[in-house]
Amino acid sequence: MELGLIGLGKMGGNMRERIRRAGHTVVGFDRNPDVSDVDSMEALVEALPSPRVVWVMVPSGEPTQKTVEALGDLLDEGDIVIDGGNSRWTDDIAHADLLAEKGIGFVDCGVSGGIWGLENGYALMAGGDPAHIKTVQPIFDALKPPGEFGWVHAGKVGAGHFSKMVHNGIEYALMQSYAEGWELLQKADMVDNVTEVYRSWREGTVIRSWLLDLLVAALDEDEALAGIRGYAEDSGEGRWTVEAGIEHAVATPAITAALYARFVSRQDDSPAMKAVAAMRNQFGGHAVHTDAPPKTSDTPSTPGG
Amino acid sequence: MELGLIGLGKMGGNMRERIRRAGHTVVGFDRNPDVSDVDSMEALVEALPSPRVVWVMVPSGEPTQKTVEALGDLLDEGDIVIDGGNSRWTDDIAHADLLAEKGIGFVDCGVSGGIWGLENGYALMAGGDPAHIKTVQPIFDALKPPGEFGWVHAGKVGAGHFSKMVHNGIEYALMQSYAEGWELLQKADMVDNVTEVYRSWREGTVIRSWLLDLLVAALDEDEALAGIRGYAEDSGEGRWTVEAGIEHAVATPAITAALYARFVSRQDDSPAMKAVAAMRNQFGGHAVHTDAPPKTSDTPSTPGG
Amino acid sequence: MELGLIGLGKMGGNMRERIRRAGHTVVGFDRNPDVSDVDSMEALVEALPSPRVVWVMVPSGEPTQKTVEALGDLLDEGDIVIDGGNSRWTDDIAHADLLAEKGIGFVDCGVSGGIWGLENGYALMAGGDPAHIKTVQPIFDALKPPGEFGWVHAGKVGAGHFSKMVHNGIEYALMQSYAEGWELLQKADMVDNVTEVYRSWREGTVIRSWLLDLLVAALDEDEALAGIRGYAEDSGEGRWTVEAGIEHAVATPAITAALYARFVSRQDDSPAMKAVAAMRNQFGGHAVHTDAPPKTSDTPSTPGG
Amino acid sequence: MELGLIGLGKMGGNMRERIRRAGHTVVGFDRNPDVSDVDSMEALVEALPSPRVVWVMVPSGEPTQKTVEALGDLLDEGDIVIDGGNSRWTDDIAHADLLAEKGIGFVDCGVSGGIWGLENGYALMAGGDPAHIKTVQPIFDALKPPGEFGWVHAGKVGAGHFSKMVHNGIEYALMQSYAEGWELLQKADMVDNVTEVYRSWREGTVIRSWLLDLLVAALDEDEALAGIRGYAEDSGEGRWTVEAGIEHAVATPAITAALYARFVSRQDDSPAMKAVAAMRNQFGGHAVHTDAPPKTSDTPSTPGG
């Protein structure tokens, strides 16, 4: 079938390639003319046979919002828009309503797989009307991994991104779990070679996983991770997962811990800990640090308070 | 080679079988005569050629302590004891010292794999003197998984169990991660079939893992887990991991969250939350519940305080 | 001065009394005619001299929303509405915009003090235009505590409720802190009388506070809190504090822990822990509990996994 | 009465002064001759009438251990040693046993109050035999605050320090609570003056406390705490509280969050977050930071993974 694909960055570019390999025709558009197949969104729409299917693969929030609005103007009744970015599920519902006014269908699709997806396939979690899903199924089949898993029609509009959001929330906590264990092994000085211990876990253990494999690959490149700063961005889904938990009174302490660790990792200095240091100084006369931090202290200090 | 194996429970019994399949001779002893090959620890020791190798596979703490002490009396210089249970690494050091007085070697070995180990092999993390490890290597080779991973000589005595402890701490947090996501999907009512979403994650996603496979297997048996109470024991390693983190000033918030969730899961009622309810009542006149809890409330109550 | 007061529940009723004691005239309206001074909101508005000042003290969300909308219809340019409930600051901004269309002023005011406010005064955190604040200052002066603290003009519209929200978030975490300590002292069986230890902390310690005083009062009524179930509602501000933290990438682990403990306290059974128990059963053959929970277990179980 | 006092640092020196003001005789010894009344521990013991009472006020761990051992050699049957430092309760039991061999009594006493204790009195939590407590009661009366609270005989040997440990655990979490709220108000840019909001909370609110007063005092000196680094030591009791919770299967998530925040505050870079960054890079090609961190990012980044 023929597909329009908007957004040809790290993810979108590889997805175009994988879909083409499966024998489909992809007309790609990106703001970057070097990677674009057409000059404009209008040209993309014109290049597609009706009913058209357009996959949007741009950052969530305003970029996706603007792209959906523009497609709402350009497309016609019976066409379908798929949002394959990392939109919040609440945006999906608004986008579906907007497009439905013109009879344009909407499918949201969470995509996992990162830079490995081109070769291994992308796991897909889709939400939307079964008829819309059926129409675009050939594209999903082209993108998904070859095995029996990696694809689900999760439910109504929003269900795809909601599932992907929870997937990413879990992902945050899994990464934090392996990371905490790694820091402990690094600091405790009990094992001869932390990388070899992690490598051994890749088979036969309860904790074997793809993320473990990836961490071992990273450690093979730089066993102390000396060249990497302990600084981690967050991409929205972790926040939304915690917020969805709060909305439904579901405690998510491990996922939240992972999110907060990322927040703190990006601070040069912690205002909260300034306040703690200030209080300690007030009641106990404990010295405060005013400038460069001293060497890391692992042992409790002489008590006061 | 020939091996004495003390403790033929769920783990030990299967390990005896796997070692025998590899062509070794195993003399097993257990308090339960139905599964035991010999009548006593003395008989086990007598049945082995010198230098003897005895694998201890009994619960950590007092049972392991008593077994090691008994072996210290029964064995001779040049023999080797392997503790394959879930002992704390600090116990290993004491046990190694005790046995060293008589010239008996000691190896600690963390074992992972659960009930799947018989067929798939057991992941092994060993600590001890390289010469001792070399002597018992044929047993490790028989137990370990067939692939290139799943076995590591982690370092000196204690390093095996320390590695296994961290493995289990990570395991706690991984399980908590998948569990939080599952509760959120259950409660949010956004997806049609939570099991199918989890199943789809088994391929192509960042979060694919063996634990995910196991959770899907459990959901296939009982999709709402209606027949399972939300009650989780902890086996010591989770506690020790958090304590080791504290000793080394390593924050382990995700692992700790997982441990605490287990503590709370075992309480009929929470004393801490009684105290919170009592304070709310004192300042805000908020009603306290005195008996059976009302239906679960997901929405915030009318404010006060 | 004269004031209209809508909402005469636990908080509003006492506030009417305190304002009257200060010599002001209060026209109160409540859906409950037994406590109401007038029959309707219309009658309340008619009874007030122009420019009118109306204090809204009803539950946040829809009740406040509807009351503000009704007042928008009934009031005139130059009148002022004060929302003294526990509204979210984002609602304040919408309400101020709505009323500003007709030239009606809006002030948001967070109120703390609970059932003690009638005698001790209510702490007030207000947001809004300085001119509006000045107009209603006599009411604030009547409500606030007699000392030098307890009142702040925090900033623009929304700043009052934002401050009160953070106040309540802190309150959650403070309560959780005392509660955790109480559970530990109860369980550890080290001290003869936990209430006496808590009572002793009321003077000279770093942790003396009003919440501590209240907890001791509760313990004096029921030293084991045997008559109170460990069940705690949450009133919205705790959730909003965590969400505001997430919006600004501010980690709030203690406040979040307090919120999550309340969520869990309201569950008959934890879906997340069902999933953990199910996974443990899958890999380790660990028994699952299917019905009534066994007695609480404090000690680690025999290991597996 | 007459008292020997060993350790005349920040705490001990002020305590000597307060006891003397109450009319008692204090013979003080410190390694620092400038503040010492006698030249040696031996001289201190000789200067006291029999039965002697000696208060030890030195850092916990080895310094206290050595002092107690030395006093065990120097003192006689019927004498009493009080450990007023921040020893772990488990040490108390060992110390009491050691001294009991010679018939020397032992009392442990947790002391709170910091640098304010000289004027306001010190809160005291004592553990030990009632007869020993009775003997030294005049000293407790001299030290404790003037009001009806601030002193408790908590129970047997160890109960005093156990109570003080829990007090300090709570203290950690209370400080963290106020600190989280402060960071949020600082970052959210909703209120005009954060210090004034905190100051207003000092009266009439649910969260009024001495720690709040102290934080306001610190903010009055430096409203942005610009001169204080977000670096906080921990003095042992926080760790022990968490460990005691683990021993008794008591979840202490707020206290633990406070402890972990301190651990992280002392790190130049977080190994755990290096591992998280490394994994993100592996699966998503997310850029890692290799050197100086960029400006703090509060907003989610463009998604991947």
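Some observations on this one:
When the chains are written out, they are named A, B, C and D in that same order, and each has its own residue count from 1.
Keep in mind that, in the parts below, contacts are C-beta pairs under 8 Å (C-beta built on N, C-alpha and C of every residue); 3 or more make two chains touch, one makes a residue touch a chain.
Heads up on the chains, UniProt names are A, B, C, D = Decarboxylating 6-phosphogluconate dehydrogenase.
Keep in mind that this is a model prediction, so the values were computed, not measured.
At the interface between chain A and chain B, two copies of one sequence, more than half of the residue numbers in use are shared by both copies.
Note: the chain lying farthest from chain B is C, by mean C-alpha position. For the pair chain B and chain C, the distance between mean C-alpha positions equals 43 Å.
In terms of their C-alpha centroids, the spacing between chain C and chain D amounts to 31 Å. Each of residues 112, 114, 171, 176, 178, 180, 183, 187, 206, 210-211, 239, 249-253, 256-258, 260-261, 264, 266, 272, 283, 296-297, 305 in chain A touches at least two other chains. Residue ranges on chain C touching chain B, taken from their complex, read 10-11, 59-60, 85-86, 112, 114-116, 168, 171, 175-176, 178-180, 182-183, 186-187, 210-211, 214-215, 217-219, 222, 225, 227-237, 239, 253, 258, 261-262, 264-286, 288-291, 293-294, 296-297, 300-305. Put simply, chain C touches chain D in their complex at residues 89, 112-114, 117, 120-125, 144-145, 147-156, 158-159, 162-163, 166-167, 169-171, 173-174, 176-178, 180-181, 183-185, 187-188, 190-193, 196-197, 199-212, 241, 244-245, 247-258, 260-261, 296-299. Only residues 206, 239, 242-243, 246, 249-253, 256-257, 259-261, 263-264, 266, 272, 283, 305 of chain A touch chain C when the two sit together in their complex.
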